[in-house]
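Input: a single structure, listed below in structure tokens.
A, B, C and D are the chain letters, set down in written order, and residue numbers restart from 1 in every chain.
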Amino acid sequence: MENLFFLIPALPILGFIALALFGRRMSAGAIRTMGVGSIGFSLLCALASAGQFLNAFQAGRPWVQTLWQWFAVPGLAVSVSLKLDSLSLIMALVVVFVSFLIHVYSAWYMDGDEEYGRFFAWMNLFTGAMLTLVLAGDILLLYLGWEGVGLCSYLLIGFWYKEPANARAAIKAFIVTRVGDTAFLIGLFLIALKTGTLDIAQASTSIGAMKASGLPTLIAMLLLGGAVGKSAQLPLQTWLPDAMAGPTPVSALIHAATMVTAGVYLIARMNAFFVLSPVAMEAVAAIGALTLFLAAVSALFQTDIKRMLAYSTMSQIGYMFLGLGVGAWSASLFHFMTHAFFKALLFMSAGVIIKAMHEEHDIFKIRKKLLSGTAFPVPPIAFWSFLTGGAALAALPFITSGAYSKDMIISGAWTSGHVWVWALALAGSFLTGLYTFRVFFTVFAGTGQSVYSFGGKRNLLVLIPLAVLSVFSVVAGYIKSNIIPFLGMVLPAVAPVKGEPFIVYIAPMLLPLIGIALAWLLYSPRAKATALKAWAEAAPLSGFFLRGWDFDRLYDFLIIRPYKFAGRLIQTDPVDLIYSLIAVISGLFHFVLGTSQTGKIRLYAALIGIGTAIIITWAVLF
Amino acid sequence: MGARELIALLPIILISVSAVLAMLATAFIKSESAPAYVSAIGFVIAFISLFVAYPELPRAVTPLLIMDYFSYFYIGLIILAGLAVSLLAYPDFKKRGVRQGEFHVLLLLSVAGSATLAASAHFASFLLGLEILSVSLYAMIAYDRPDIKGLEAGTKYLVLASVSAAFLFFGMAMVYAGVGTMDLAGIAVNGIGGSISALAGIAMILVGIGFKLALVPFHMWTPDVYEGAPSPVTAFVASASKGAVFALVLRYFTQAGIHDTGALAYVLLAVSIASMFIGNLLALLQENLKRLLAYSSIAHLGYLLLLIAAGGRGAFIAGGYYLAAYFAAIIGAFGIISALSTGRKEPRMLDDIRGLAWESPWLAGFLSAMLLSLAGIPLTAGFIAKFYIISLGISKAMWWPVIMLIINSVIGLAYYLRVIAAVYERPQKELFNAMQTGAEAGKISLISGGVLAVLSVITVILGIYPPLLLKIIERTL
Amino acid sequence: MLALLIAALLAGGLLAWMAGRVKPLYARLVSLASLAAAAALWAVTFALNISSLGKGQFISGFKAAWIPQIGVNIHFAADGLSMAFVALTIVLGVVAVFSSWSEIEERTGFFHFNLMWVLAGVAGVFLSFDMFLFYFFWEMMLIPMYFLIAVWGHEKKTYASIKFFIFTQASGLLMLMSILALFYFHGRATGNFTFDYFTLLADKAKPYFGAGTAFIVMLGFFTAFAVKLPAFPFHSWLPDAHTEAPTAGSIVLAGLLLKTGGYGLIRFVLPFFPDASARFAPVALALGVAGVLYGAVLAFAQQDLKRLIADTSISHMGFVLIGIYALNPVALNGAFIEMIAHGISTGMLFFIAGTLAGRVGTRDMSRMSKAANGLPLWSVMPRLGSVGIIFALASMGLPGTGNFVGEFLALLGAFASSPVIAITGSLGLIAATAYSLRMIRKAFFEGSKPTEPAGVRITDFNAREAAVSAVMILAIVWLGVYPQPVINTAGPVLARLIPTSASAAPGRQAGYIPGGGAVQPCHNFTKCSLKTTPSGFAAVFGKGTKWAPGN
Amino acid sequence: MAPVSIDNGLMVAWALFVLGFIGVLVRRDLVFVLMSIEVMLNAAGLAFILAGAKWGKPDGQVMFIFILATAAAEVALGLGLVLRFHHKFKTLDTDAASKMRG
């Protein structure tokens, strides 16, 4: 497989091309086969590569495959090269695996959509771009995948284009991430300029020699700019909640397998730059901590089930950033992995619920419908999946995978000495339990009497992904001891500077439970603390939190409106006025001079006389 | 004056003879067309005689006339212009229902006058040539008797040209009084000494010349006369009458090294730049076609004057080329107006030719070629001509005048393009048909069509392969 | 061979005119045939000279005396740079013919005559190596272009065509002044009065005019090229001309005429005036950035689809200007690729805009869906929409398209010369995203309230249009993922045309720019100092970068 | 009687010329305008004669004859135009002839 692992990203891209060209003429069955099949084969390739790679694991040698020379100009040569090492392998495996399940699920979810083919084409491209990003051995190729991911998110968020809000959300997603991308690009310039190469390995090596200068910090900060855009961290997080406008499988794909995790991957991949710069590391940690807290608070106030999940993603990615920032590199990647499983699971089960409720997103309305029995009942698989996923998200200790990975990050924050970061992470931990189960209890508690039946065809297409992911959401935590050293092959390890007292060890396990308990108190059908709940929901700040701390308004006021105003201001091109003015002045001269042509002979003769006088005077005087 | 001198003088003699013959034909042959034939054939023969007499050059024919390559070049141009005008006038006057006879006599006479002017070497021949030309022109301009505009134009030209001639003659007398010779070359070479009256005389001669060349501030007559005169006559006024004077000026001013004299050179420069600006600005938004061309001709003479202010060998080449290109273009432009006229009604306004291209693509093509040549755009003779002027300016490091010229080229381009745009506008039923042009009536005569075609071809060929003409001009140096 | 290429286009134009009088279809076929002939000639020339092209050498072409009196020759030659642009000319020529297939019903013959002659003029510009001949073609191509706009244009065609002509002519005359200055200064210094490009360039070693004069003469060239490009304050002819021109006219304008400006800068300004260029570079870079941002904001504010696309050209050409004046081979290659890619992408955007406007009867994006009874156009013309999206994405510089490679290299190279410029220019990428996405949404994805979904009679791309699009998509993607063959064609030439560092030593002359800054030309950009000359860039634009250079 | 000095004669010529020109400017009647032009031309003729006398050559007088002849031709034509002018415009006021302007 060493020379064939390029097929991992290539197959989805080929699938995209085939679907884009012939999708309109294919039957739904063919589209389904093509769309899911390409990812399936890609998954097989990935598994085969993994098998072989692990066999040669002891050597620790990454696989590098240079496909072709992209371009070479004096001073810089860039090639399209892929690299498989433990980091990219884990990443690719998770991406393609989750992606595959989501594709399977999509086959059910999007069944009957008038543009079934287009959907799968773009989904395939999305996966392909993400895999390119992950497997890229060259930063510029990574950037290509990076932008491709952004493009696909744009296309898919706006998939149902007939709704204007969807189109707006799609554009917002692309533009906001592109702001980050531009920082990334400038970082690329610096890397290319200073190291003379864009090959990740070479650049990482040569940057080590420039430790003394501020250069690594600058580059790392710029890369971080790119990462916060894609991963929806402060201050570029605003696109993610709106991105829920896309079909639910798209949300699942964006949140679990592709797109938002790209930022985490970027920082992990470029770790050589970050470890050289304590400043950048602190920044990563701080951004992660702040985002996780902000997002968690916002999640608490959401009524749209998907928006809640979106904020939870933001918050979880915040944990990953935090982990990267405090030096818990492997833990972050591990959290990425578990998060991919349970977040995909949550979205898919949410999708089932939403579909069953006729596209109802509001948790209170869903509850009402469930209670009144006016809607299709929710199938049990959705209930159990949501419960499993929610538990993992809330990091229910010991049994869920989320707990293993998250606890590692939190303890990493403590042991590396970032106390306030640690505190925020703990607060987030508590909030996560609260908001997750707020939704769970609101929707499901006390509705268990309904007859669960599955209304729809192709049940297996939804059952299998949910079942598989449920299992993975639980068991993925148990391979911690395998995966951490494996990632450690590539990622740096940071020695702890602080011991871990028992309270620090136990806190992250307890806090989610407290959160869940509080949620039960507040939101269960037999809730006691209704007064507190009422207060919280009527609090003056609830709207503020609901809108995600009003970043949208801030940006609208600071950037979008001035930009649009500038656009309106120069719409007719003020520079052109200068030229128009010249034309007008010339015209004015024309009319003024024209009045001199009176047609009167005597005037004409007089002018001859005056002219003569002037010429004679001039000739004689000078 | 021996046989050789006479041979050298042959072109002028032949034209004069043709004039007499045409007069006789008018008087004794009933056919309307006879004088036209006489004039056309006379021009052709006179033109051929240039080549016959060619080996006799250069030769001074009496102290009054100098027949050399330079004179011949301009005489040739003038004869060709006369031929074109004669051919254009024939169908034009037919449409108007005006007698042909006397016009062709006058035309031949004015060509004889112009030729004399171009070859003159003495105040006397200068005076005589100019007057023969002018007096014929008075009559030609007002030739279409029923046309009140023609009369107005004729009167204006008569009065103003006479006044300017008086200035010119008085100036000559002053110069004569100052330097004691009337030999142009002598004055040019020896200068006028410190004589103030002679200097004033030179200035007054400039006035007379400025009037004929329609330079600012002596340009006021131009639009009225151009508009009032029948289009073929306008073509003649715009071309031959200016060309002859310009030839004279080019020869003697350059010989005198006027570009090095300081004061006078500045006068020329000032007049030149003023002419460019005022001519072009007046033309800029002009809706009346003939007036537009009139104003543009003011600007063109401004460009030409720049050559004289620059002086040197280059001025001769540039002047010759520019004048040739300008002749073809301006005669062609007025020729098209003439060709499009129906009787006394000419397409006066821009609106009258709107959408011409859709009625008569060939004429529209010719007109575009002429206008683009006047604007100095490649593929036309005007481009090479303008190139030479700019080239001369740069070689003399006259940066500012050249920039002025460029600015004016751009203004000029604006109104030429306005005309072309109108011509190629899609005909809108309610807007078009403001007047029934000849094109629409399908009454373009073969003769004018042919002349225009030839002029267009000349314009384009001179734009693509300039050495054709350059070789000839280089002989004149 | 090269002369034949131009002759083929000229003759094709004349034949098409005549053929068009018989039947419009014949005019189109004749045009295609002459383009095919030109393409064949190009291919043969390329194949025969592939090794010398690779080394950046010239293909000796056709040389004959034209106006011996002033040392003017008809001299056609080519190197990789020229060949690449001529190829672009031919390709876009084909697209232009196809785009007018059903659009131009009136005077088809004359239309194709003009089209072919514009192409011939453009090809002439790329192949002329006599300054006079170059100028001749430079101006010559204006006339047919003018007719294309003035006759077959839209509502404000007269205004637009005259404006276009005047802008280019005015600046062209300034260039003529500079050409003549070059001619005379060189002639006086060497006694050899010639317009020959190679002679003039070769004698540059013995500088035949002083630094001050050189700067002014350089400005003459720069103005002409900057107007054609167009660079920021000279751009205002472009939106009008592009908007009002017929589709083929817009394609040729955006795809080719603008490129002559960039070509001129690379071919003439940089090699002839190395010192002056280096000193002028900060200003040019600033203009480039201004163009990038201004064009992008302008495009964002437009309702008229063609005008929007036209404004994006201003933005893209800003990148080209940045790339050229960064004065290192990386950026120059970027400018070159950007020009080729922009030719394809914007040409195709105009193709799409033209076909779209032809179908829905308006260029106003907010009214387009009316023609589909209020349905978003995507639902009735997915193929056209897809192609539109692809090229809009190319226009925003998405990786995988040629535009990205161009913009990346241009900005990267600029970063070496001036980080401030590169960073500010990068903002243009965000702005490009904004206008591209807005365009996609407004044109394809936005509908008013659907009144009656049934009975929409708008057709999607037909096979001919789809085929053209497919080929061009392949081209832009090929440029995006494997531009190396194109870089190899022109790269050696570009490297040679960079001003040599020795002659542009910093601080040699007092500057003409406030602050006296100059961009330091540099051949291997990783060795370039991040700073410009000490008194340089920072003095003009404030302190640029804080960090210490790593080497 | 002492011979008139050439310069004084030229002064007279100047005076005549200027007077004639003023006549052109101030008279509206076309006939008077033509007469004023005659005065100007004759002033030129006088100047020629004086200049000829100054240099002791007959050239000046020859020129005067030329001027006389051309003036006569002009007047002949001019009077013809005057007749038609009167016929068309019903006046001899030169200002009436201003149909074309702008």
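Assorted remarks:
FYI, a contact is a pair of C-beta atoms (placed from the backbone, for glycine too) under 8 Å apart; a residue touches a chain by one contact, two chains touch by 3 or more.
Small disclaimer: the values here were computed from a predicted structure and weren't measured.
The greater number of contacting C-beta pairs, out of the two interfaces A-D and B-D, is seen for B-D.
Spacing of subunit C relative to subunit D, judged by their CA centroids, is 65 angstrom. With each centre defined as the average position of its C-alpha atoms, the distance from subunit A to subunit D rounds to 96 Å. Computed from the mean C-alpha positions, the centre of subunit B lies at a distance of 26 Å from the centre of subunit D.
Subunit A and subunit C have Cα centroids separated by 36 Å.
Subunit D has residues 21, 24, 33, 94, 97-102 in contact with two or more other chains. For subunit A, the set of residues that touch two or more other chains comprises 594, 597, 599, 601, 605. Multi-chain contact residues, meaning those touching two or more other chains, do not occur anywhere in subunit C. Every pair of chains in contact is given here: A-B, A-C, A-D, B-C, B-D. Residues 21, 24-26, 28, 33, 94-95, 97-102 of subunit D are the ones that touch subunit A when the two sit in their complex.
Residues of subunit C touching subunit B in their complex: 66-70, 106, 110, 132, 135-137, 139-140, 142-143, 146-147, 150-151, 157-158, 161-162, 165-166, 169-170, 173-174, 176-177, 180-181, 183-184. Every residue of subunit A that touches subunit C in the complex is listed here, in rising order: 20, 24, 68-76, 80, 118, 140, 143-144, 146-148, 151, 154, 158, 161-162, 164, 167, 170-171, 174-175, 178-179, 181-182, 185-186, 188-190, 192-194, 196, 210, 213-215, 218, 563-564, 566-568, 570-571, 573, 575-576, 578-579. Of all the residues in subunit B, the ones that touch subunit A in their complex are 152, 155-156, 159-160, 163-164, 167, 196, 199-200, 202-204, 206-207, 210-211, 216-218, 220-221, 223-224, 262-264, 266-267, 278, 281-282, 284-286, 411, 414. Across the complex, subunit C is touched by residues 317, 357, 361, 372, 377-379, 383-384, 387, 390-391, 394-395, 402-403, 406-407, 409-410, 413-414, 417-418, 420-422, 424-426, 465-467, 470, 474 of subunit B.
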